[in-house]
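Note that subunit A is present in both complexes that follow, paired respectively with subunit B and with subunit C.
Coming up: the complex of A and B.
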């Protein structure tokens, strides 16, 4: 739930990158951190396991400048994708304003994507939020792997599996190469800010 | 002015009067008695108000995100052992320590303090400050 500070004219917005384990959520944030380094005054926070997997969350605050006289502060979070960390995923979702679902395009990860999306729906429902109403962007990640001969799910299959009912904006991406990472971020920020504006009117 | 929106609400906001009131309490009850840094956050990790003594400044956005996560994790631990929650947390360092205390149902007051203040005195002052913050905001702030 976004907080509007009417004294400082500041809006704090929480966006969470969700998706199956090893899908590229942290890589998205690492790319954003590198690219927008001049705008980010702090270090990116990561809480990882010894094996370099996200244990709790990654956190990156991003100043957007002013929109309609209000300073917009975006707080980007990732969740741990591994199935066993559902309790921590649910904690990170608390107060979420917008979600990027990072799906893994590898054919062998098809089932993991579907289960993770279902898990997102359940965890949002725990906070009385509907996956159909929350600002949501789909990112089909790892498209670059096609050039290495790794079997990928077609975009049509991903759309059918994950987005046939949600009909969220979807982008093909390569978080590792930075392809469409910024576009995904812009899209979710636009959707989320527009949704908050409607709420405040 | 407070907009309090329940259920699936997307936003809540606080105006100048409420925030000035909170900051005054944080200053007089905590900073003026020797607390280095204090901030009020919500459970999503948003910062409602923050103050420091001008000497000890920290990355409060990161601290707020971690504090909310930490408090959430410990609350889940509490439920596993049959407690509703642990309403108070304290981490002791060699020079700086952090104290967390819940305010109403959805907010946390976090204080960072040094060896000049005893934990007992801090807890007393935090409890007083929380009562005043509750009075300033009223029950309608619960989101």
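Coming up: the complex of A and C.
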């Protein structure tokens, strides 16, 4: 659950972007940071390998200002998508309040999406959290590649593979072009805050 | 004290989010291209190729990239700023085609950023020359920075070229076609040297294998 510090009058909400490697998680945060840099007024922290892959995690804090005298802080994280970094993924998920699952729309990445979602379920379970209960938004990324003749999974297939049971809100997106990046973020923040309200009332 | 969590929190957060991200649509409209009759199709084609480099770098993709830059070069030959951008894109493209996965980690990123600046200048006809040159200068600085990083390895081995000077920090960059060609030649020499070193290493490895 979100960290509410009554003494410092601060509410911290942690949102994690999860998904297979090379799916566009970091690109989502980079777009937000680049586009709204002047208003966000914080630094994005990212640790990458030589090959431009996320090694540990990306972190972007967003301040929403004071509401009823409390500072609302949204902390955005990404996890490393590569299979071998599961310990880091699990660590980043500690205390998570909401998840954006960034699926790769490329047909060749179908299996990776499914495995990554399963991995998310397992890692959440390690913290006694259910993937069916946690605020979750599905983002079907890289839709722009269709215009280049690259074979993509249809939205229906992605829904069937990943979202038939979860029934989470799903958005088609292109993180590289910024399409539906902010919409995804707004959706997950609102879902998470609404969930927080329900839990604390 | 009023409780922080209440029915109004979500609606208040929603308002804040709208405010935080409010100008996105407006900015996109303000930044809408003023194409003034320019044929943007080659640019759009090049953009698609640049985007595809995010996930795949092959000879075929790089070949398309280079032929598309050539296509654009013909249409921009009378515009010095655009021509210089195309020269940089072409140089980066050739470098990435040769090195592929072994390219400097910033090379693809720089190519994307250079294309982004090129697109901006290309699409906004009527922008004052000073502003266009300012965008170009910024790209050139990044290009030179990468070039320096690529050249760093041979220099460390004592192969620094005669007459090569380090730029003073903050120095204004003045670029010409000749200078750009020189950069290209230097990159070619660097690549050739690298290949020779690799070949020599392979030869020694083979000899060692034969001996054992």
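The criterion applied here is as follows: the second predicted complex is superposed on the first by the 193 of 201 C-alpha atoms of A that agree within 3 Å, B and C clash if a C-alpha of one lies under 4 Å from a C-alpha of the other, contacts with A are read in each partner's own complex, and residues count from 1 in each chain.
By definition in this document, a residue touches a chain if its C-beta (ideal position, glycine included) is under 8 Å from a C-beta of that chain, and two chains touch if they have at least 3 such contacts.
Only a predicted model underlies this, so the values are computations on that prediction, with no experimental measurement involved.
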| item | value |
| --- | --- |
| Clash or fit, subunit B versus subunit C on superposed subunit A | fit |
| Contacts of A:94 with subunit B and subunit C, given as first, second, both or neither | first |
| C-alpha centroid angle, subunit C to subunit B via subunit A, nearest 10° | 100 |
| Subunit B versus subunit C as contact partner of A:196, first or second or both or neither | both |
| Touched partner set for A:111, first subunit B, second subunit C, both or neither | neither |
| Partner chain in contact with A:144 - subunit B first, subunit C second, else both or neither | second |
| Touched partner set for A:70, first subunit B, second subunit C, both or neither | second |
| First, second, both or neither for A:167, with subunit B first and subunit C second | neither |
| Touching partner for A:42 - first (subunit B), second (subunit C), both, neither | first |
| Touching partner for A:34 - first (subunit B), second (subunit C), both, neither | neither |
| First, second, both or neither for A:57, with subunit B first and subunit C second | first |
| Subunit C versus subunit B - closest C-alpha approach in the superposed model, Å | 10 |
| Common ground on subunit A, meaning residues reached by subunit C in one complex and by subunit B in the other | 4, 11, 196, 200 |
| Subunit A - residues contacting subunit B, complex | 1-8, 11-12, 14, 41-43, 45, 47, 56-57, 59, 61, 73, 75, 77, 87-88, 91-92, 94-97, 128-130, 133, 195-196, 199-200 |
| Residue ranges of subunit C in contact with subunit A within the complex | 1-7, 9-10, 12-14, 16-17, 20-21, 24, 48-49, 51-52, 54-55, 101, 105, 108-109 |
| Contacting residues of subunit B [partner subunit A, same complex] | 1, 5, 7-16, 19-20, 42-48, 59, 61-62, 65-66, 68-69, 72-73, 76, 143 |
| List of subunit A residues in touch with subunit C within their complex | 4, 9, 11, 22, 35-36, 39-40, 50-52, 62, 64-65, 67-70, 72, 106, 142, 144-145, 147-148, 150, 176-177, 182, 186, 189-190, 193-194, 196-197, 200-201 |
